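Chain naming follows the written order as A, B, C and D, and within any one chain the residues start at number 1.
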Amino acid sequence: MDVQLKRRLEARLGEHLASPLRQRHDETEIRIAPAAVPDVLRLLHDDPDFGFEVLADLSGVDTGTSMEVVYHLWSPATPDWLRVSVIGLSREDPRVPSITFLWQGAEWMEREAYDMFGIVFEGNRDLRRILMPPDYTSFPLRKDFYLADDAARSPGGGVRHMEQTSAPLAPGEALMRRSQA
Amino acid sequence: MTSHRFTSADDPRVTLDEQLGTFEPIPPYPPRTEREAEFYSVGDGEMLVNVGPHHPSTHGVLRVVMKLDGERVVDLDPVLGYLHRGVEKLCENADLHHTIAYLDPLEYVSSLFCEWPAVMAYEKLLGIRVPRRAEYIRVLTGELNRISSHLLAMGFHALDLGGLTPILYSFIERDEIVEMLASITGQRMLFNYFRIGGVNGDLNHEFLSRLGDWMSHALTEVQANQGLLNENELFVRRNRGLGTIDSKTALRMCWTGPNLRATGVPFDLRRAHPYSVYPELDFDIPTRSEGDCLARYLLRIDEIKQSLRIIDQCLHEMPDGPVMAQVPRLMRPRPGRTFAAVEAPRGEYGVFVISDGTDQPFRFRIHDPSFLHLQSFPLLVPGNLLADWMAINASLDPIMGGVDK
Amino acid sequence: MSLIPGTGMVKGMALTLRRFFQPKVTVRYPEVPANVAVKFRGRLQLLHDENGALKCETCFQCAQACPVECIDMGGVDTKGRFHVHWGAAETYGERREESALRRAGRPVPDPSHERFPAVDVALVDEILEAHDHDPARMLQILEAVQAAFGHLPVGALKRVSERSGADYARIYGTASYYHHLRVGPVESPSTGANPAALADADYLAAIAAAAGGASRAAG
Amino acid sequence: MAVVARAWGRLTIPGKVLFTVLPLLLALGLALAAVVGLFGGAIVDLAVQYGEVVRFLASATIILLITIPTAFLIIFMEMKIIAFMNLRIGPDRVGPWGTLLSVVHGLKVLMKEDFTPSGADSLVFTLAPVVVYGASVMTLLVIPFAPGLFAQDFNLGLLYFFAVGGLSVVGLMMAGWSSFNKYSLLGGLRSAAQMVSYEIPLTLSVVGLLLLAGTMSLNQFVENQSGWFTNWYIFQQPLGFVIFFIAMTAEANRTPFDLTEADSEIVAGFATEYSGMRFGFFFFAEYVNVFIVSALTVVLFFGGWNAPFPFPELSVALDPGGLGIWLLVGIALGPVVGTLILAAPFILLRSTMPIWQALVAGFVLLNALVVGLVLAWAFISFEWVAGLLWFLGKTYAFVFTFVWMRGTLPRIRIDQLMGFAWKWLLPAALLNLFVTAGAILVVGR
């Protein structure tokens, strides 16, 4: 637990924090609203005080009631992992600004989060399915994607569980709308 | 261009021909993003070629659609998911112990590094202190696994450039390592050895005698076999200056591991975010400044030497004691979130776990480094030849099992 | 690369030529038996001895060692001995079913809560969330619970135990050690019969009935 | 009729084959006998009249036939040598030390499905392997194997060799274009670019040799190099040899220049869509090419069939008739006595060995000894046997070198390949030519 980091984060990001900062083990967690993502991450990335240059992970989370996007950052200035949770995305239309302008490599991780959760990253130039087939319609890591018990245990002997829940969301303004015919 | 030799509507061969159609890599649906639309509009004199999913040098089932102008690559679009098994979903529906077994086949040439971050994350969640001997055993087996993985990577690098022999020399050494790991873990590839709170079984005599034999000649053998390639003009000329990336871009592309260190950034989680007993061990972080395929290749040799140093120290400093902590039978970590990452042979292998207080993880996120290295193809490859893609791909050393999860 | 072009290649050729005459490492598999690791894990299977009898002694050690309780002894063979099941055992399946229900957002029947007067679990969860589910801060959690409920209801303690990972016995010990924490409700004669006490009484009555029935059956 | 059909139905498959093949053979033999009986004299007259034509037909047939075992042998050598260099054992299951594995490979490609992709130009697709294989075999016609043992000695031999050898690129292009596959197309175009680029340094590197030898007949080349090994052209044209060797490797599509079928890049290049015996033709042509390239190197630079030193004139005067009755006695008793004598050391020295094993060992030893003696006698007595052995020995040394290179070196890149040909090999070949011409002017031939 890096108390110094906690003080600095609270001082610099005070107005962006959506809930109190938490620390446990070697992790420091801040929670922010979706609209604050570009500002906060730009500050964390660019500011020499923080210097979070390494994006260790980008992950989508479905809490069952809302969606989250979780970034893990690493900086030489602190022994902690910094976890930035973007909370309060609606499950019906989760949208969050893309951070590909900071880390171009986040593009595929955002694509994966879109693929698995349907979270739309606004500003990602190539937001399409990556692991699932392009004509797949549901989002498998959402909690309402019910993975039948047998299917988890015995491959092949289980239940077919392909496309279950909702139709895919439109991936933002970047979508090229072309009619099929 | 399809030619139908059969005209009878009843002939099954005709339907087969029609189903296959022309073998165009252009997808049969309208493009969904600007990038896709731009890529799949083929210009004058360009052609699209499917490299993979069944191609000798795609390291698994990677499919890359290449836009070629002659032999020169104009653009390329990696298509993933041919090996997608939904491991994250499976882990979210499995017991904490079960998840470890699911993780093994991800990076199947370095399985221990897939288990490691998961058990680290669970130990953090459960507040378990791992015995020191278990930590030493983890480091020892992990570094052995790193060597075997690097050897394989270097061998396949040569194989993708047409050299038949280095891969087999690599396999000789790798087989020694794999056999000795099998003697303590029970399996040759999918070890399933790390447990929450320690490791599954102590070192045994067979392992130690094999390791001793191997350590006595490992470095000389590896170096002698590298003489086949390191000075070979054909190999060096094909790799030098190819797929060059600078450190800034590499960081922006979220690169980690040897590929990032080959650009000059000494980012190694064993030092950058120390875990296990690495702070007590003495080793260097080799870096190179060129950032090209040759640097990535040579850096792996340096890493093998450092790993041998670590193994040597582990053997000398290993304390006695138990190899498993006292852990409850039924593990219900308290609700919370945790992130753990280790320095795998390909970079930072991370696991992000959310626990909701049950015996199953609520969210289990696997962060695979190869996934991010593959992403950089459109930066590295265009402008080079088709054959250069094989060299770049081999030097990035992706494992598709981990990429596709 | 050296000054004279081609030396690297010549060195490589020299290496392969040297290897050409070295002893080979190939193991001729069917003639030379493969090396099976000591801890080799194959398929779980019960072996028969040369007389055709099961080697399994039904010692239950495997079932006890299994971390996820997926091995269980059950069923009877022709000699009146147990079989080993691998795969889903009954208890294990129940736990799987429970988690599957939870994932699907359906109510999970939890027998450990039904025996006690219901408490507002959401309130407890809020308190726990505020204290980060940390068992090291148990005293503060318990104080907050007492502030919320007026005393420490058993259901709330069970909830705290389940969510924070601390043993119920330890929490109960903490709660009963400090004088300012009250495990039972404050006696208030004006409210008449305590509903919680009623529920407890019902439960005890049911237990007694069940035990009586059992003893009757045994007798 | 029904009786015949029922009898036929009862036959097993080998029986059916036998009953089909045997009458055919019988009919053919009878027809041959009839032809010989009726027109025998006329045929002999014709053969005498057109001796050259008959000789050519016979030698072309023989050469066509020996390419197959040659390819088998080189395939086996490649499997085994590369395996040994990889510290593997290599093939060891079929035949002694796996020697029959390449024959099994040959049978395998014969039995595979002959497949034509639906978009392919089937005529060109079928013709391409024929062209490639034909070009390879035709170049063998001018190679002199031994004194008097060549298909055709003709005074433009070298030119013919390069002209016909260059034909194979047409076949590769045909294969690449007609397969309806982008990898095949890339492979075909690569082969065209590579062959065209390397033809030039290849031809130029030999021009110096032509100035020295003053002939294009390969026989004449060999005869020019007789005597001590210092007469070999390698010592007069070392640079020419290096250029020739590199360019020949590229011409034969061998590692490190095997770009046309670079398996890790373009799957199998021009041969991607081929299967069965059509692929077999490509495969055999590649290995026949290795033999041809080695043979030409030996003929041009290493003295062909000549021994590296003037072999002392020995003559073994064998007159079996002079022995009289002892000849019969020797034939009758020789093997028995020889076996016993050679088995004696086994019996005496290794008491654990059963007698019959010792006898078998003695018999095998005797056979080896006799075969060796006969070979030595033939080597001494017949010039062509000695020449053939020297020639094959040198040629297979070069085959070994090619396989060795394949086992060691990675592949070169296409642009480096072309750059190497045009920037280095071509100027070097020109330099070699000028230096040779100048030396001839100064020193005289």
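Heads up, the rule we're going with is that a contact is a pair of C-beta atoms (placed from the backbone, for glycine too) under 8 Å apart; a residue touches a chain by one contact, two chains touch by 3 or more.
It should be emphasised that the depicted structure is a prediction, and the values quoted were computed from it without experimental measurement.
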>> I'd like the most central chain, judged by C-alpha centroids against the all-protein C-alpha centroid.
In response: B
> Can you name the chain that lies farthest from chain C, using the mean of each chain's Cα atoms as its centre?
Replying inline: D
>> Between chain A and chain C, what distance separates the C-alpha centroids? Give it in angstrom.
In response: 30
> What whole-number Å value describes the gap between the mean CA coordinates of chain B and chain D?
Replying inline: 45
>> What's the distance between the Cα centroids of chain C and chain D, rounded to whole Å?
In response: 71
> Using the average of all C-alpha atoms in each chain as its centre, how far is it in Å between chain A and chain B?
Replying inline: 23
> Residues of chain B touching 2+ other chains?
Replying inline: 92-93, 165, 172, 228-229, 232, 234, 336
>> For chain C, give me the residues that contact two or more of the other chains.
In response: 9, 12, 15-16, 25, 100, 103, 132, 134
> Which parts of chain D, given as residue numbers and ranges, touch two or more other chains?
Replying inline: 85-88, 407-409
>> Using the touch definition from the top, list the residues of chain C that touch chain D in their complex.
In response: 9, 12-13, 15-17, 19-20, 22, 24-26, 28
>> Using the touch definition from the top, list the residues of chain C that touch chain B in their complex.
In response: 1-2, 5-9, 11-12, 15-16, 25, 35, 37-41, 67-69, 95, 99-100, 102-103, 128, 132-135, 162-165
> Hey, which residues of chain A end up touching chain B in the complex?
Replying inline: 24-27, 29, 53-57, 59, 61-62, 70, 72, 74, 76, 79, 81, 83, 102-109, 112, 116, 125-135, 140-141, 145, 147, 149, 152, 171, 174-176, 178-180
> For chain D, which residues are in contact with chain B within the complex?
Replying inline: 82, 85-88, 118-119, 180, 182-183, 186, 190, 255-256, 258, 262-267, 406-416
>> Under the stated contact criterion, what part of chain B meets chain A in this complex?
In response: 27, 29-37, 80-81, 84, 86, 88-90, 92-94, 124, 249, 251-256, 267, 272-273, 336-339, 341, 348, 350, 352, 354, 363, 365, 367, 371-372, 374-376, 404-405
